[in-house]
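The structures come next, written out as structure tokens.
In the two complexes below, subunit A is the common chain; its partner is subunit B in one and subunit C in the other.
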Partner chain A sequence: MKNPAKSAPDGAPEDVNRRKLLSWLSGFGLFGSAVIAALANLIFIKPRVTYGAPNRFSIGKPEDFPPGARIALDTRRVCIVRDGDSLAAISTTCTHLGCIVAVSETGFACPCHGSHYDQDGNVTGGPAPRALSWYQLTLAPNGELVVDKDNEIEAGKYLKV
Partner chain B sequence: MSTRLSLAIASLVVLVVHGIVFYDQFLNRWEKHQTAYLEQARSLAKTDAERQSIDAAKPRIEQIIVTQFGESRVDRCTTCHIASDDPRFQAYSQPLHTHSYSASLGDIEKNGRWERRHKFSDFGCTICHDGQGRGLDTFYAHGEDENWPQPLLGFATQANWKPAYKAKLTGAEYMQSNCAQCHTEDSFAGTPLVTRGRQLFFEKGCYGCHRIQGLSHGTLGPDLTEVGKRWRIDYLWGHTVNPRDYSAVSFMPKFDLNDDEIKALVVFLKSRKGMNFAETTMDQYRAKLQQTSLPAGVGANADNTPSAARGEQLIAQRSCTACHRLGDKDGHISPDLSYEGLIRDDNWLMAHFKEPRSRIPDSIMPVFGFSEGDYRSITDSLLSRKTPPNFKTGEETYKGLCARCHGEKGDGKGVTYLYLDPAPRDLTKAAFMTTKPEERFLTSLKEGVPGTSMPPWERVLTDQQRKDVLDYVFKTFVKESRRELKERKVPETNPVAFTPESVNAGEQIFLQRCTGCHGRKSDGKGPNSLDISPRPRNLRNSAFINHTTDKRLFTSITYGVEGTAMPSWMDYGLTQTDIGNLINFIRSLNPKPAAAPAEGKSPKLTSRLTVRR
Partner chain C sequence: MSTQTVTRSRDGWLALPGNIWRSVFRNPLPDSDLGRASTSFTNFFLHIHPVKVSRHSLKATYTFGLGLMSAFLFLILTVTGVLLMFYYVPSTTQAYDRMLDLRGTVAFGIFLRNMHRWSAHAMVAVVFLHMCRVFLTGAYKPPREFNWVLGVLLLLVTFFMSFTGYLLPWDQLAFWAITVGTSIAGYAPFVGKDVRFLLLGDSTVGQEALLRFYVLHVAVLPIVLTMLATIHFWRIRKDGGLARPPEEDALPGESSTPGPMEVVSAAPVVMATSAGAAAAAKPLLERKQYGIQGLVRGPITKVGNISDRSKFSWPSLFQAELLVFVITVAAILVVSLFFNAPLEEPVNAMHPPNPAKAPWYFLGLQEMVSYSAFWGGVGIPTIEVLILLLVPYLDRKQVGVGRWFAKERLLPNTLFITFAVLNVVLMVIGTFFRGANWEFVSPW
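Moving on to the complex of A and B:
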């Protein structure tokens, strides 16, 4: 290391540069660590997985649901609707206060406060504020239908089998 | 200047460490596997919709929560093994490999498509494969298992496995032990090894010592009801092959088993996990209440006519020589049966088989519960061994017959001594050996000592041979000549009448003076007994006590027994009446079988001691 007193006259700019570089490096290191730490903390806030009932599940083969069927799976809170070759999964959780709605002739009917929905889950009466959600239904490679309750899709979008 | 430099370096180091931690925590291996899977799946996709849904998919932790079978399980195996149920990935390597389809698992092939009998979404993975379902890292999920995925039983790490067995502990057939968690039928077609292992458990006599709830009642060895939960297959294998490799104090015999038999036993044992997934606590309780009887397989045989030849067969099949010595086979635990036909008679053997403790009260031989015919056959076979040995000198006789229990050095520590109770006499203890009359030794040799493992040699050895062996013992081990004792004043029979008062008085003295060594139960297991050699007599050994004369009891109590811890109670102030009372008390503990019907007249066994057992 150079003696600062000796190189003072002509070494001043070099010394300043070096000082700048070092502070810039320290700043980069500390700021970078802070950013990574903040990011890590943010990621940690949301659990990656929980022990609740899974939101994505297999419900069996398309053959299990004959054309025209409207089969409600109460434990999964979803109703599988089949119309010809088209399949869809409609939520059976009432948008009012979360009761399980029953399949009725005209569509769905909530036993708690009398909300009514039509065949596609649109509100036709009662206190329900919104239509029932449609969930994404896919055909897994092993030939089984998979409902993904994390993935809501627009009403009327069917899966063709 | 240098402060700035070190600050810069330090902050960069902190940054790097942070980066590494971040990388380690948030960029997981499983994400790579899933990305690879999605990439492949996209190239295999046939429709646009499929492609779209793949594009929308992001790596995430997949988990199956199984609540139907026993405790609920959380299996995240499909996070890495994401293609396990995707039939297009059969040619790929792990972890992106399709789980094989197999008709033996109940999978059905329909129009070229397989359908699983055990759907992963219902059963999970660890129910068959074990391992830790929650682990998202190879180590946490599998251990460091070289044989993954067959069998992967338990969270296995094979680094410490004994090389001798390691290679034998691989193969899908070990997983049958997990099939048996639900398929508990006795002969389920899918679990032939469990069935075979269960058979062997009875054939080889394991049940005699070990208890398995609902199967057997043995008490000598550890309870194996939950053995599969506690131990891995390497331990089970090694312990079955040679118990002493794992536990130096184990006295489980080495059985003569081939590798296939051991494998069946290991699979059977691994399947013992206490409770099966298929049963509820109520089922278990019912099984507990149920009286266990031996399965029909034990004892049943096409040829049921008892014969010595069949007995011979049974002795080989049922591993008698795992403990006993017979000819050139020796289990080093229990007595030599080579001359049994000359030593015991038919009644003795049959009664001893049904309840060994009826003849030798502290015997460890289990009650095997074979059929009457089997006992008959084995008895016949043993009784046919009537060729006396041809020993010329006392030394030969000693080495051939006595050393197995009394030891090569005559110190009472032969190979079997640990398992015999009372222990074999230490023949080097001169104080004992030189003070007993020669007549007593000759009688013991001739008639044996009832209630102990010392057999009567009367018909095995001639008078001369017995005398020779006694001479050999004195010359080689005792090394001192007989001492002449002073005249002792001992009555021939107990002068005190056998009355309830006398028995009670005897009990009082016993409780005050004798329990320290002979124990409150008078079973010879008092608190001091552990430090004493030879151990105090079990005074409830009826066979022994009833065979012992009043005179000998009187002598032992009054003058003590030289060479043992029994003191001379005359010196401690016991009078002849006291000793008479004591002897009456001891006799009251051991009713003579012949006197049993007349028990009403004799003092009842209602002394406090008896009640307090």
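Moving on to the complex of A and C:
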């Protein structure tokens, strides 16, 4: 090993370069490890299963919801709307600050900050920034309706039964 | 010296208990300047202080003790918080019952909870006032820019500490305040929903959120806050003590240039505190011994017994600190004796109170959110924090340092007072003037 301090002037740049390269590589390795560790922590902290109320659940047979019904399932935070043979599941979580909206004459009304929505969940007044979400509603093989709150669909898309 | 010789010559039991006492405390109560200096220098708890401190920094009307008060409130919060942990369970089925137990069965339970609650509110307020003090006295000017940045981070951690603690009683107030508060976080573009999910550990506030907030509140955030505060304190020393006008460091009969005995010139890496100081600093005296503890930044470090405008920390500074401590503890004790921390009905996720309000220090945000969700909840607060962080790098003129409402700082002070008053007014509106459906109501 050549002592860099004593090396000849023409040999010096090579030494410095090797040194620099090794420093860069170690620096990159250490920094990279730190980034990977940070990412691992982020992945760790994001739950893969949640222990609260499931986001995908069965709500009963279509016959339980007569035509014209607008039945709010408060514990599930969803309202089942039936119009003829068209069914839909509309969120009852206010898009403003997360309160539960109540079914009203004209659609939905939030008790917290006075947001109003029409029958389809579009904002008609108050501070709510967005329309209420529509969730995917499917008919399971056993004839029961299944709401999937992880799957938001576009408003106005009904399930025909 | 002579006492030690006498002690050694005493044999057996006669040396007790004096020899034990002297092994713990290296100095007898000081009666000389040397003694005063070594008392603060050799004691673990006192040695974070300088041996001498500027008279200007000791003026009650300069600092109002606000920074120290924040630290003492954090101390009260740590002590009462650890005690409360012995009886608390972060479970949705047990947390509320444990709150009732604090009221009913735990000795001093309600009193400890009151102290913890009121200290938390007080800390948010006092940290904010401390920031106002530092701004309005121009104390963030070089070399103290980064300590201001640390201070802004400490303010944010204080908010977050208080916010995470808000959920733990698991009553209606807690549940809906956190539901509203985390919904505001959800308005951030791109990352908002993910941040909310990471924070709550679920899509709604529930058991996972309670556990996460508990861990953040009792472990993660206190460690972060302690580390930041430690660096904050350390930098006060390394930046030359509290900010003060340059004329405070002048020798009697000298004009406003800093004292000639500064060690500033000994260490070329550290720059003088004020623009003209580097040029004014004279070379160090030859044939004089300089201790390594002298090699810190700023004009406070004096070598030799120079008559200047500073006082020994023992007793002046320690008396002042003790006074702030006693006032802080007394105030919290009195308030906790007469006012109980609120505890509402247990959580009912089906029945939001009307109106549902975030904690008071976020009600300014909630008020803005009622006009525009994104700008009120995320846009404006982010811009405000960024501007606060950048303040010392934008406003660089070395004028009016260490004086309240300096005339030379009319513009920055006016801007800051506008900023502070605006935020407080929004908070007051959100707290007192908003009723059901967030409609305007009169509080009287």
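Everything that follows uses one rule, which is that the second predicted complex is superposed on the first by the 114 of 161 C-alpha atoms of A that agree within 3 Å, B and C clash if a C-alpha of one lies under 4 Å from a C-alpha of the other, contacts with A are read in each partner's own complex, and residues count from 1 in each chain.
Please note the rule applied: a contact is a pair of C-beta atoms (placed from the backbone, for glycine too) under 8 Å apart; a residue touches a chain by one contact, two chains touch by 3 or more.
None of these values were measured; they are calculated from a predicted model.
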Partner chain(s) touched by A:Ser23 [first = subunit B, second = subunit C, both, neither]: first
Touched partner set for A:Ser104, first subunit B, second subunit C, both or neither: neither
A:Pro129 touches, of subunit B and subunit C: first, second, both or neither? second
Which superposed partner A:Tyr51 touches (first subunit B, second subunit C, both, neither): both
More subunit A residues in contact [subunit B versus subunit C]: B
Which of subunit B and subunit C A:His113 touches, first, second, both or neither: second
Contacts of A:Thr138 with subunit B and subunit C, given as first, second, both or neither: first
Interface residues of subunit A shared between complexes with subunit B and subunit C: 51, 53
For the subunit A and subunit B complex, residues of the former touching the latter: 1, 4, 19, 22-23, 25-30, 32-33, 36-37, 39-40, 43, 48-49, 51, 53-54, 57-58, 136, 138-143, 151, 159
Subunit A - residues contacting subunit C, complex: 42, 45-47, 50-53, 55, 74-75, 77, 96-100, 111-114, 126-127, 129, 149
Interface residues, subunit B side, partner subunit A - complex: 1-2, 4-5, 7-8, 10-15, 18-19, 21-22, 25-26, 41, 49-50, 53, 56, 60-61, 63-65, 74, 76, 85-88, 113, 116, 119, 121
Residues of subunit C touching subunit A in the complex: 176, 179-180, 182-184, 187, 194, 197-198, 201-204, 206-208, 349-350, 352, 354-356, 366, 369-371, 373-374, 436-439
